Amino acid sequence: MNQLIPNVYFLCAGSSDGKSALTSFDGALLAAGIGNVNLIRATSIVPPNCHETDLFAIPKGSLVPIAYATITSSHPGEIISSAVAIAIPEDDSLAGVIMEHSDIASLSITEIKVKQMAEEAMEIRNIKNFVVKSKGVETIVNNIATTFAGTVLFWKQ
Amino acid sequence: MNQLIPNVYFLCAGSSDGKSALTSFDGALLAAGIGNVNLIRATSIVPPNCHETDLFAIPKGSLVPIAYATITSSHPGEIISSAVAIAIPEDDSLAGVIMEHSDIASLSITEIKVKQMAEEAMEIRNIKNFVVKSKGVETIVNNIATTFAGTVLFWKQ
Amino acid sequence: MNQLIPNVYFLCAGSSDGKSALTSFDGALLAAGIGNVNLIRATSIVPPNCHETDLFAIPKGSLVPIAYATITSSHPGEIISSAVAIAIPEDDSLAGVIMEHSDIASLSITEIKVKQMAEEAMEIRNIKNFVVKSKGVETIVNNIATTFAGTVLFWKQ
């Protein structure tokens, strides 16, 4: 294993209320299945030959590179959403790109936007053949709420 | 040593004036005892079996995972503070949680808040038996000032 | 190689338009020569005995520690700029410091500021003999534009 280049990835998303901004963020991570690890924010590349995997139980407390978007709102009734999209070139010698976005908007709107961003990232790189995939979540704010969506990069033997 | 899972942690805090926001932040890190390393911001888990240690001289320039809060103010006379709290379950197979908070407020207020956040993180996880510990710092702004509090995660043999 | 302490560094900068904030950021990274790696933001130390290197082709998707500044504007006609400065002590047992700054201003102004910040970081550490070096970029906003400047830390055998 090359410790500087992750070899698996998965998309995840979750939302939660909380008594404070940070605890609602913590709850959203738990809902996304990654609440007991140490997220290290990264910009936003899927390495060549990095393979998709199902969400799995990463050992607690691990340092986990992730590209993510999150939004927290304390305005009851507001709709908030977060989404990630990845564009993976068919040529597996090329890197894929992760785009992430959060907004005070429904998930359908945020997901369209984030997919367009992933397509634009391919266009900038002159890559014609690629697959786009996305995942996201929306919620209606009760008191204080957070949505979260991310692409986890990790290592598996 | 598992390079993805730190095995020691310590709490630290410091404050400093400076001529700019970033140099007052730099001074606050020096005051906290971690001014000559590369902080990598992480969310916010104490791994199982990660042990508390005294602040020690981490080799200069090391990449250091840390959960932290910081605030910078350029309003003379303002009181600012930063605090971190950790909640460590008695069952050492469970992960602990780090919460961090900064505010334009005295440390006593910020520290109460950050402890409550750590307790809420245990509540969300249905963990009943745990210990809470906190550390923080406050300052009165002269010109431009920063307060900083963090929980360093690192490795020791 | 000590995986917690990078042994080479280089300065880089780039700017780009884009259809969104994040895709203009992506374009700026490509322009800077580091668009296909995973940047991990770090505060802001050049380790002792870490040597400058030319920008080189880091393997795609690598996790890359970097101290950087970036600014995105959607105000056509606005001048934006980003710069990094490093101060390297003559005594190579001491750590160097990286400072970064972005502003709605020309590069000449931003670069003076960031150099002063690097000098202040030496002053705080009571280091008298050091070399300062900087790099940056400016652009005039068309639609949505980003400038980016950073100091990459990495490993070379």
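As written, the chains take the letters A, B and C, and residue 1 is the first residue of each chain.
Heads up, the rule we're going with is that a contact is a pair of C-beta atoms (placed from the backbone, for glycine too) under 8 Å apart; a residue touches a chain by one contact, two chains touch by 3 or more.
It should be emphasised that the depicted structure is a prediction, and the values quoted were computed from it without experimental measurement.
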Have a look at where chain A meets chain B and say same if over half of the interface residue numbers show up on both copies, different if under half do. different
Fitting on CA atoms only, what is the rotation between the copies chain B and chain C? Please report it in degrees, nearest 5. 120
Quick check: how many Å separate the C-alpha centres of chain A and chain B? 25
Would you pick out the residues of chain C that each touch at least 2 other chains? 3, 40-41
Given the complex with chain B, which residues does chain C contribute to the contact? 2-6, 40-48, 50, 65, 67, 94-95, 97, 99-101, 113, 116-117, 120-121, 124-125, 153
Residues of chain A touching chain B in their complex? 3, 18-20, 22-23, 25-27, 29-30, 35-41, 59-64, 155
